[in-house]
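Chain naming follows the written order as A, B, C and D, and within any one chain the residues start at number 1.
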Amino acid sequence: MFGYILKRVLATIPVMVIVAIFVFLLLRLTPGDPAAILAGDAATPAQLERIRDRLGLNDPLHVQFVTWAGQILRGDLGTSLISNTSVSGMIADRLGPTLNLAVMTIVISVLLAVPMGVIAAWRHRTWVDFLVMSFSVLGFSVPVFVIGYILIQIFAIELRWVPVQGYKPPADGIGPFLARAILPALTLATIYVALIARMTRASMLEVLGEDYIRTARAKGVRENVVLFRHALRNAAVPILTIIGTGFALLISGVVVTESVFNIPGIGRLTVDAILARDYPVIQAMILLTAGIYVVVNLAVDISYSLFDPRIRY
Amino acid sequence: MAKASPSRQSAFHVLTGLFSLPAGARLGIGPTIAAAILLGIVAASVCAPLYVPYDPLAMDSLSRLRPPSDAHLLGTDQYGRDIFSRVMTGGRVSLLIGVGAALVSVGLGLAIGLVAGFFRAADGLIMRIMDSLMAIPAILLAIALVALNGPSLGSVIIAITIPEVPRVVRLVRSVVLTAREEPYVEAAIALGSSMPKILIQHLMPNTLAPLIVQGTYICASAILIEAILSFLGAGVSTEIPTWGNIMAEGRSYFQIKPGMIFWPGLLLSLCILAINLLGDTARDLLDPRLKKREG
Amino acid sequence: MEFKSRDFSDAARVLKIRGLKVGLAGRPEAAPVIDGIDLDIRAGETHCLVGESGSGKSVTSLAIMGLLPRGALEVRGGSIDLEGVEITQASAAEMRGLRAMRLSMIFQEPMTALNPVLRVGEQIEEVLNMHTDLSAADARQRTLDIMEQVHLPDVERIYRAFPHQLSGGQRQRIMIAMALVLDPHLLIADEPTTALDVTTQLQILKLIAELQARKGTALLFITHDMGVVAEIADTVSVMQNGRIVERAPIHELLTAPKEDYTRKLLTAVPTLAPRAARPDARGGDVLKVADLEMVYGGGGVLRRGGGVTAASEVSFAIGPGRTLGIVGESGSGKSTVARCIMRLIDPTGGAVHVAGTEISRLPRRSLRPHRKHLQIVFQDPYRSLNPRWTVARSLCEGPINFGTPRAEALAHAAELMEIVGLPRDALRRYPHQFSGGQRQRIAIARAVAMKPDLLVADEAVSALDVSVQAQVLDLLDDVQAKFGIAMLFITHDLRVAAQICDEVLVMQKGRVVEHGPAANVLSDPHHAYTRTLIEAAPGRHWDFANFRALDTAPAPGPKGETA
Amino acid sequence: ETTITAVMHSALRVLDPVITTAHITRDHGYMIYDVLTAVDETFTPRPQMADWTVSEDGLVYTFTLRDGLMFHDGAPVTGEDVVASLTRWGKRDSGGQLIFDVTASLEAPDDKTVVWTLSAPFPPLLNVISKQSAVPPFIMPARVAATSSDETITDYVGSGPFRFVEDAYEPGVSVTYEKFDDYVPRDEPASWMAGGKVVNVDRVVWTTMPDSLTAINALAAGEIDYLEQVQVDLLPILDGAPDVTVEMRDPLGFVTIGRPNFLHPPFDNKKVRQAANLALSQEDVLATMMGSPDYYTICGAIFGCGTPLGDETGSEPITSGAHPEEAKALLEEAGYDGTPIVLMAPTDVISLTNQPVVAAQALRNAGFNVDMQPMDWQSVVQRRAQQNPPSEGGWNIFFTNWMVPEISDPLINVMVNGRGNEAWFGWPSDPEIETLRAEYVQAADDAARKAVAVKIQAHVMDNVNYIHLGEYKMPQARQNTIQNMIPSPVPVFWAMTKEAD
């Protein structure tokens, strides 16, 4: 087990290196000039040139890369070119909201989607199944921001149940946190629910056809036990996988949701950084999200063995 | 993939196969309706230039944000452009993006996946690169790519394609890895068929069914991602109307003029719904268990 | 051979089926799957249900269990009466109450019938939890008891094991324990031993008989293996196309079958008496294997501690026109040897000479010209043909690879179709349009199309029904005679080996334990393992095809029993 | 404890108001820094931190710091701090550069006095240092002002009415200011950036809302107190919010302009520029941008309507609607060969997305072959600095906006600079305008200055140094609990009060 984890962790190194090189090159090929953002509209070319020099943007690419890589290896994410604050500080400030939102979304999604999928599979080709599948296809087909606006319109503007926007950390009280996080989480969850419900259904359908389900029924086991004790655990691996890979989808949803609900999270940070060509921030953020993605999927892989004793590392 | 190995043709496996596959008659009308809707939208979009009343780019700053009227079926947007004309014309480009992204990702993914699946030597490197591409958040990659190339149609398609390719590669590779263990592939080796021949004639057709399904999903999600990119200001230029950028442009007017989001949104959702449904149907129909049942 | 001969007319009737009809759900016009069968089973009786594949045996058993797949099959008429309870009318809750208490079932595949993610002990205990009020400790004790009763070793450990940590036989014992823990009155066993090798099969059959005798359970035993029937049945019902065509006490059925269909079934069963050996080869050996060794998974950088030695020191030779059989239990390395010879895998040691060339070390590219000398037929008729290719294309693939013009290859393919007994127009069809037996014929035709010197048949008939199996074996015989091909025939079925092989080679754990002319090995085995194999073959004293006992006992064991 | 939560027009990311011309950073500067002198609403310089005297020959300016000035760290503000701050500013600001070109010395003989000696008279000196945009000379501690002018400062101590709360700062998300209790306001009433900066609230929080709809909804729901700019089209949403007042803070507003590239065909040709000027229409652009005529003004004055120098001479072609036919004729005359015009269209800055789209359409109507290239603002910023031909990564025309005070005189307005490569993007070599600008600097009084300004106006309209597309105003919105906001181009948080809830 430990050996396996070690091996997997080591295997992420080349992935992260490729990500780093790729992102670095991509960014430097992209037009845009952080110096110009810094200096504003009225700056003259000569002034810009001097600022670029100061920021080290005029160094040859490989020098810039080596400098940056060296910093990263020392655990230093650098300093924002625009706001001149430490990137790790910026990320630390903004990781919380996104993580809380993501966790809440995943919890909501799993709690909703798994039972939905199970029931759809159980009542395959009935109206329940149809309803669940329609909902989940719908979840895929409406852009996130539209869902966000609709939820705001209904729950914040018409009903006034929750605030329109904003974020409060759970430390400020769980009530205020939930009031602000529930709509964004639901928004994000629609697509995730759709994804998980669909996979749960497909996986359950496969499992429900297996011999051991028939065995369980032949033993006179109650139907809910058949579904949740016998079938669901066997169906878990693909569901976990989709939760892991769906994480990528979550990230793109987060970017939009954070805009719509004005949540100070890392999605917005990254988009802003890209639009401002704040290279150190972008590089750090993409490395970080890639890292989180890799870790989440590693965790998912490892958790397989919790559900399926045949998988041993 | 069906786990049931056909070597155990116990009744129950036959049963389960039958259980989850829709025999022709049991497909229901869902897919038929879906196909009809999709065809309708495609036809309406492709023929849009023939019947829309206005040039979708023609502005009229004096009749901005008009409500629906006889002159403007769905009203006008903030440039005074006719929403109906834009929405109908926008469908062309959105669909083009969907189909384009699907074709490009499937094509690239297929080629890379076949190579990775069959040539052990290349596999490691290719899969590491694919893993990296998957790990980079698609939307951020897309924004960066669009910034790099400018928000042209081509760069939006490429931006949507790049994150999809690794998924297709994984799919193709896994199909190839499974299929190359099939006895008929071993038989082909025994018959002296060369590797390229086996790859193309025996293995590639296996990837077709899952790729069709995957392709429909990519198509649907590409249309959606285009909308999100537009929302973030990194989509196709507003000079080329798409459902996505019409909605993105209309987002500030959501409360005042919901039509700007509603109509393109409706068509987009219907389209994606139909494509997904057809994809699901295709998956059911192309289910390998079907083939075995017929034996 | 002794058959069971108890009379059950006084015993209580446990199951009574009258006019049972099962059809496709929602399609009343379609032909029924079960077409009005009657069946009675009494306490203590073993009732065997036999018949070819697809005749409706499993559907019958599922109907009794009330487990017909919802939405696919439904009871159309008739009654199933289990000790006074009408099963066709029972509610879901009533059915649950009956299961495990009064009626239980064992399935064919011990691999898949147990839930892979739950500990086997828990799976047995679940039955108790569902149906009794036993305390946790009591339930556990009961579970351990029943596990003892099915002769599982080290029950405490096995209780905590997951299915994949057990052997096939052990899993089947768990299934039996699970089915019998509440002493049901009726036990249905649907091919419970088909997936097991002969030695394990024998143990399981004995176990079922023992428990049945102790508890007086009625047993409905479904099988297609006449040998098994001969060993255990009191009464036999023969099914064909959803009907029971003949029902009789075992002795009567085997000695004097009334129906043609029954006769056909019985005559198809090969005997254990070895065939007359073919004349010895004129030329040199077609295939010569010397000290073949195959170690899986060794040598990897990260995998220390060596791999699985699947074959070692395997040596033999086959002359033209002769057949060498390899027998042995599952996992003994038979397929490994075949695949090494075919160079589908690269042997880790030894030499393989085919038509005079040493091929075990040839690089893939230079190997290709030699491919046409050796061909293979696989076990699984459903996967050995590319489902997307027409038969013609499959048949021509090889010849075209070796430069035969397409037209010529096609013409030859048409001839081959006749040889293997299929219509010419079958060339244009796809594999799924054929039955398993027909596909196996096509696979043979494809191999023969290459005019090989050696044909390897890895379990080529194991997946087929006895009657179809007999036809395919005949075909192989014909083809071999016609083209003078040498054949390496791999099987786990001694009857088949006896029928087709000139020489037999017995493998155990990757090693050759006995090798000699079929007659010698089968009638006078020297190695203990060979003897166990032969003794475990069910019904080995009966000559089914001739409705009589075998006069030459095939395996005079140390204390050879005779019929 | 009163806290004002304000949504500003953009996120605060750069904290150095000298290195950048970004408005939000300037606004931030006014919160935490003070200035020596400042213009009031009549554009007249007034004393703020210091009083001044000018020598007869106009060469020596003596500033005397008032009492009670103190930095947030408790240190008094000294002449030395002022000298350092002015010097750093002089390296960045274009007006400042002009002054320093003629500066003989700038020194602080004692803690309270600063003496600025010129080698040649520079009559508009006070106007330049009192300007409220783009880069006002904020006074920082000498140690901070010692930072290179090409590097951003990292120490945010000022002497202004608010203190910057560094711990609460999240770049791009929110900034928090606390009232600086030791600030001594002047006695005069507040007027623009001049007068007494009396702070009546304890705390001001600026937050950023990337989505304008969300911001309006938040205001309507009472979640924020103040919205600096409201998109006019969205005003109807606030109709249903009785507690919110929508009003104009800044009577001057903004101008929007198009800048052609003088280095490459076809805009190197004056006739073609004139054709473009004819083809475009202020009304079309403004109506599309703003929706309602209440919020835009057709105005041909390049120095702004309602400013001292504002004058509409020669602006008829652009203010009287589109003239596609005349433009066509002129194009023909100029021999325009159909070379595509690369028009850069930013997609991610709301106030800049409309102009290019409307302009592209109008130019096409006049026979231009327009290649509208959408890109994000950053790409525009990068690309507009490229002097290559359009086919090799250069450009022909782009659009941007200015606040009126940023263009209100020939020294501030960078677009009337005609120094070729040293000029602002577009690089016109226009000796004529340079002569006029020199004349302006030397003009003795307001009347003389105005006369020169009118000449410059006429010249720009004829030569089309840039296309002046008119003025617009952004309404602001506040909760009714917020009172006593003073009108000002810069949103200021002094004077304002907030009723307790």
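Definition applied: contacts are C-beta pairs under 8 Å (C-beta built on N, C-alpha and C of every residue); 3 or more make two chains touch, one makes a residue touch a chain.
Everything quoted here is computed from the prediction, not taken from an experiment.
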Per mean C-alpha coordinates, the chain lying farthest from chain C is D
When A-D and A-C are ranked by contacting C-beta pairs, first comes A-D
Chain A to chain D, mean C-alpha position gap in Å, rounds to 40
Whole-Å distance, C-alpha centre of chain B to that of chain D, is 47
Chain centres from averaged Cα atoms put chain A and chain B apart, in whole Å, by 21
Chain A touches at least 2 other chains through residues 31-32, 124-125, 149, 210-211, 214, 259, 275
Residues in chain B with touches to at least two other chains are numbered 12, 15-16, 19, 147, 232-233, 251, 254-255
Each of the following residues of chain D touches two or more other chains, namely 211, 213, 217, 348, 375-376, 378-379
Pairwise touch list, complete, is A-B, A-C, A-D, B-C, B-D
Chain C contacts chain A in the complex at 65, 67, 71, 92, 95-101, 104-105, 107, 109, 112-118, 126-127, 130-131, 162, 164, 175, 178, 302
Residue positions on chain D within touch of chain B in the complex are 211-213, 217, 231, 233-234, 236-237, 283-285, 287-288, 291, 345, 347-348, 353-354, 357-358, 360-361, 372-376, 378-379
The residues of chain A that touch chain B in their complex are 14-16, 18-19, 22-23, 26-27, 29-32, 124-125, 133, 137-138, 140-146, 149, 153, 205-206, 209-211, 214, 245, 248, 251-252, 255-256, 259, 270-271, 274-275, 282, 285-286, 289-291, 293-294
In their shared complex, chain A is touched by residues of chain D numbered 11, 13-16, 19-22, 25, 92, 94, 134-135, 148, 150-152, 154, 169-174, 207-211, 213-215, 217-218, 220-221, 223, 348, 375-379, 381-383, 385, 400, 402, 406, 414, 421-422, 424-425
Residue set of chain A touching chain C in the complex reads 7, 124-125, 210-212, 214-223, 225, 229-230, 233-234, 307-310
